[in-house]
Amino acid sequence: MPRRPVVKKEYTLGERVYLVEIAKGLRLTWKHFVFNIKASFRKGPHTVPTCWQYPEDRREIAPIFRGAHMLQLNDKGQELCVGCGMCARACPAKCITVKRGKPAEGEEDRYAGKTMCSSFEIDMLRCIFCGNCEKACPKNAIVLGQDYELAEYEPGLCIYDKKRLISNFLKAKAEGRLKPPPAPIPIDAPPVKKKTAVKKMAPGKTKAKGGERAEKGKGTSVKEEDKGPDK
Amino acid sequence: MADWQIDLIKVVFIWAWALLIAVVMTWVERRASAMMQDRLGPNRAGPFGLLQPLADGIKLFTKEDIIPERARKILFILGPILFALPAFSTYAVVPFGDKIVIGGKEIILQVSDVNIGFLYVLALSAIAVYGMVIGGWASNSKYSILGGLRATAQLISYEVPMGLALLTIVLLYGTFSLREIVLQQQGTFLGFLPNWGFFKQPVGFIIFLVAAYAEANRVPFDLPECESELVTGYHTEYGSMRLGLYLFGEYVNLVALSAITVSLFFGGWALPYVDMGKFLGPVSYGIASFLVFFLKQAFFLFLFVWVRWTVPRFRYDQLMGLGWKALIPLGLVNLFITALLVQLTT
Amino acid sequence: MSKEKGLETICITTGPTEVGDYVTLNIGPIHPAMHGTLRVITQTDGETVISAKPEIGYLHRGVEKLGENLTYSQFLPMTDRLNYCSAICNNVAYEMAVEKLLGIEVPPKAQLIRMIMMELARIADHQVCVGILGVDLGALTPFFYLIIQREEIYEIFEWHHGARLTNSMGAIGGVEADLPDRFHEKWPKMRDTIRRANDETDSLLTHNRIWMDRTIGVNAFCGDDALDWGFTGPMLRACGVRRDLRKDEPYLMYDKVDFEVPVGKHGDVFDRYMVRMLEMEESVKIIDQAYALYKELPDDAPLMKKMPKIIRPPEGQIYHAIESPNGELGFFIKSDGSDKPYRIKIRPPCYMVYQAFEDLVKGEMISDLIACLSSLNVIAGELDR
Amino acid sequence: MSLKERIEGILGRDLLELTEFRGDICVEIPKNRVIQALTMLKEEAGFDFLSDLFGIDNLDLYTKAKKKKKKSEDDEAQEPEEKGPPPPRFEVIYLLLSLSTNERVMVKVRVPEDDLELPSITGLWRAANWPEREVFDMFGVRFKGHPNLRRLLMWDEFQDHPLRKDYPLEGKGEERHLNYDIA
């Protein structure tokens, strides 16, 4: 048998007779009851403050919500995606497949870049809505929208192709629910030394090393970071 | 009309009425609990969701009826019936109104005024336990049998304090007939209080109420079906309308218990200080007394719901402790004092 | 029933002794009271638990193996799925571990935002735990009062980083967004509503004798036993050991805020419940102070360290732990210099707590087993990884 | 006296290697002295709390190092190193914490592949119970004296040890074999 500390139960008289505290509890639930009864007789939607009458009455979704994906078009209606596949590589669930292609003759003005994605598929059954793809996208072409009702009757319909992703965008645009362009993140520039020392850690040269490597490896990376993911 | 026809009408009426209240109770329970918990509750089916019980009923009726493999088939089928029937039968002795005069014929609003109405109530509530324990046993499931056993122990334990509380009422009024008791509760007591059992026997009332909660398997005494421990206790393996009978029987039980509470402790159909019979016609008086009775009953029905959504649940040994170590001694002392007082005053 | 204990001991000692007389009751993995997919194989003598063997692994997804095959920033969303009641704490713990590996320190504003968000997550986690404890003991109503407040917290999360449950907050090197306007608008009011919900829970439960009987003295545990079993967090504090990583090994800016560490006495369910209730209050205080500190910083203060696109930490191994709502949540990361961690080991707090489950519930009743389980706040996602 | 010196003083000859990285101290102790060294750390150095215990498979690390070496030294004959006994494949790391001073130390034990056995430390800390089972489950390291050394996270019929580096990420196509005995 495990050891158990001896616990002495010291009750006040009020606690001892059950009924006093139960009466207090009854008073509290009664208060809520009356409040909500009054609220539910008020006119208009959403009168009981904590309940949303779901299909008719929806809560406000944050503009930066990570819901169903969409492929953005720019103001001229050109596809932003250049098919670079950064999103596919950044995806931890490996749910994106992108094929890069050249726009056909005479169709160049449909695309913002020199290249385009000839196919773009997102397997929504695998997707975990982490937002890594939109963070990785250099052109801000793929974003996660505000749609959250993603159930389908067939599994095949859950694999979103390019057409569906663009139609998602058009729908969101029509409803005025586009994602705001990413705001720049204020970044701590390297020369600035930290002011608050919480952890006693040597700054180390690793950071500089990593940075160098990255700069050497990809010229674009720093610029992308400056632009930063949205939110 | 012959007497038997009147009786038949009364029986049919009171059964239908009890059923209706029980049905509405399922709705009240869900809506009221929702309101207490800052929710809305079912409000889609019909106005205010009033048709929800109907939808539930249709669902339960049309579901597949599953009898688990290696369950005791006959007992499995018998369980819910044994549970629901006694609850209905209790109404036979409940005086749900005074009397009504139709076509010069005086009809007592009670199915039958048995002179041992009390014993009948107690006996029927004792039968209800068989429904649970048989259902639990026949299901061939450990959770069910635990629930059934808990139900047995609980109901048997709480019948004693209930009986003790009822005995004080018997001592006070000197009769076993519920109708007689209600009639004796008219008028005032000490000059200003209504002559109700509640004011004469407050301790007895509390004991009776607690025991009634335990008999009805309501929170805080819902150990037999305690969904967090025993899944749903004795009816874990039940589905379709058999489950419906259990759930429904519980509400019918509630209605019966609150009816008995009203007739024993709250003056039945009579209004305090006012004699309705003086200024109402014979027919309207009958209806009015019925409505008064119903309103009082409705309060207790709501109290059942209200308490349920306020307090946590007992543990098995604590429940037994409360019954045997608190309520029974209290009931005995109360009985003794009442007996003494009755002896001294008469 | 203050003398109930006597009855109980008689029950235990006079029970049948042969193994064959016990009933084996399989609780879970599908059972209303088994949060997630836990399973306990109990042997009972009537209502008394003779032995309770927890079986785990029903939610094992191989997160650690997955971590070895994902890059450092790809692993971040996986940490959401550990303790899904307070995903932000997991996120921050992982981010801080990688930052320690890289040897960088995030800007102060980011630290404050992380702190505020983590404390919000802590409140949310405790609200769920306390609410569920109530539900399992038959009191459903407090759960709703608490969960409504949790929704408010989730709304702030949503407006900050776009998700409510699986937050994936921030990134390695800082946070990506400033506190949302929602937070500035809502916090002054929310502070009061959170407190009100706690007060309501308190008045419905704490002094109610039924609740006290159900919780006081139920699976009480000694402090030194708890340390031996590796308890951390509220569970350990309930046993009377004052240990909180926020105080003992301050990280972020916890050394700049002033808060108390609530400590229980007996380690019983009631103490765990009270510790969690009081911690919520302390968290509110921490957020207030951190928010005041936050307001002192300029609006354009940096939020992120400049990070390379692909993170390649140097070779080495580190262990970093923070105080998650359940206790010490540690990440051990071994790097071989590539862009993927060589080995990630998560030290989930409830793993250690849950392995002592048999010791916790032995000799108590089935109802207490359920109460104990909910008071441990075992999250299957974290337990099985 | 710094933590390093203290540990050096206490462990003495049992200390094979002491590394420090970002303030985290890692101590290597010989395999046959695990219990003694950990007892010393617990009782003399005050590391009275076992925070965690886990294994590491170093297979990839060695193959990578080998490849690197081969590449850098091209075809020049530098074979003798490969002829020695291979370095122990597994490591088991004990994370200890001192509650009084809030210092942490990692204690590393190398376990070669041909002798996958370690003494169990459940006698020192009961907290080691499940972590040891997990190491057994994931790496196949057996702990001698463990009260209940069964698989923890994987099912009992499972054959492999999934956190080993040679186990593929998506499994080898095992399916769970359930043996219900239906009477």
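We call the chains A, B, C and D, going by the order they appear; numbering starts again at 1 in every chain.
Here, contacts are C-beta pairs under 8 Å (C-beta built on N, C-alpha and C of every residue); 3 or more make two chains touch, one makes a residue touch a chain.
What you are looking at is a predicted structure, and each value in this text was computed from that prediction instead of being measured.
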Greatest separation from chain D - chain, by CA centre: B
Chain pair, C-D or A-B, that carries the greater number of C-beta contacts: C-D
Whole-Å gap separating chain C and chain D, where each centre is the average of the chain's CA atoms: 27
Interchain centroid distance [CA atoms averaged], chain A/chain B, Å: 53
Euclidean distance of C-alpha centroids - chain A vs chain C, Å: 23
Between chain B and chain D, centroid-to-centroid distance (C-alpha), Å: 65
For chain A, residues that touch 2 or more chains besides their own: 22, 25, 28-29, 50, 201-202, 204
Residues of chain D engaged with two or more neighbouring chains: 22
Junction residues of chain C, two or more chains touched: 100, 103, 141, 148, 204, 208, 210, 213
Touch list for chain A against partner chain C, complex: 1-7, 9, 11, 14-18, 21-22, 24-25, 28-29, 50, 61-62, 64-66, 90-92, 128-132, 135, 144, 183, 185-190, 192, 194-199, 201-204, 206-207, 209-211, 213-215, 217-218, 221-222, 224-225, 228-229, 231
List of chain C residues in touch with chain D within their complex: 56-57, 60, 62, 64-66, 68-69, 100-101, 103, 227-230, 243, 248-249, 316-319, 321, 328, 330, 332, 334, 336, 342-343, 345, 347, 351-352, 355-356, 384-385
In the complex with chain B, residue positions of chain C that touch it: 1, 3-4, 7-8, 11, 23, 25, 31-33, 47, 134-141, 144-145, 148, 204-205, 208, 210-211, 213-214, 365-368, 370
Chain B residues touching chain C - in the complex, by the definition given at the top: 33, 36-39, 142-143, 146, 219-220, 222, 226-229, 231, 309-318, 321-322, 325-326
Chain B to chain A touching residues, read off their complex: 32, 34-40, 206, 306-307, 309-311
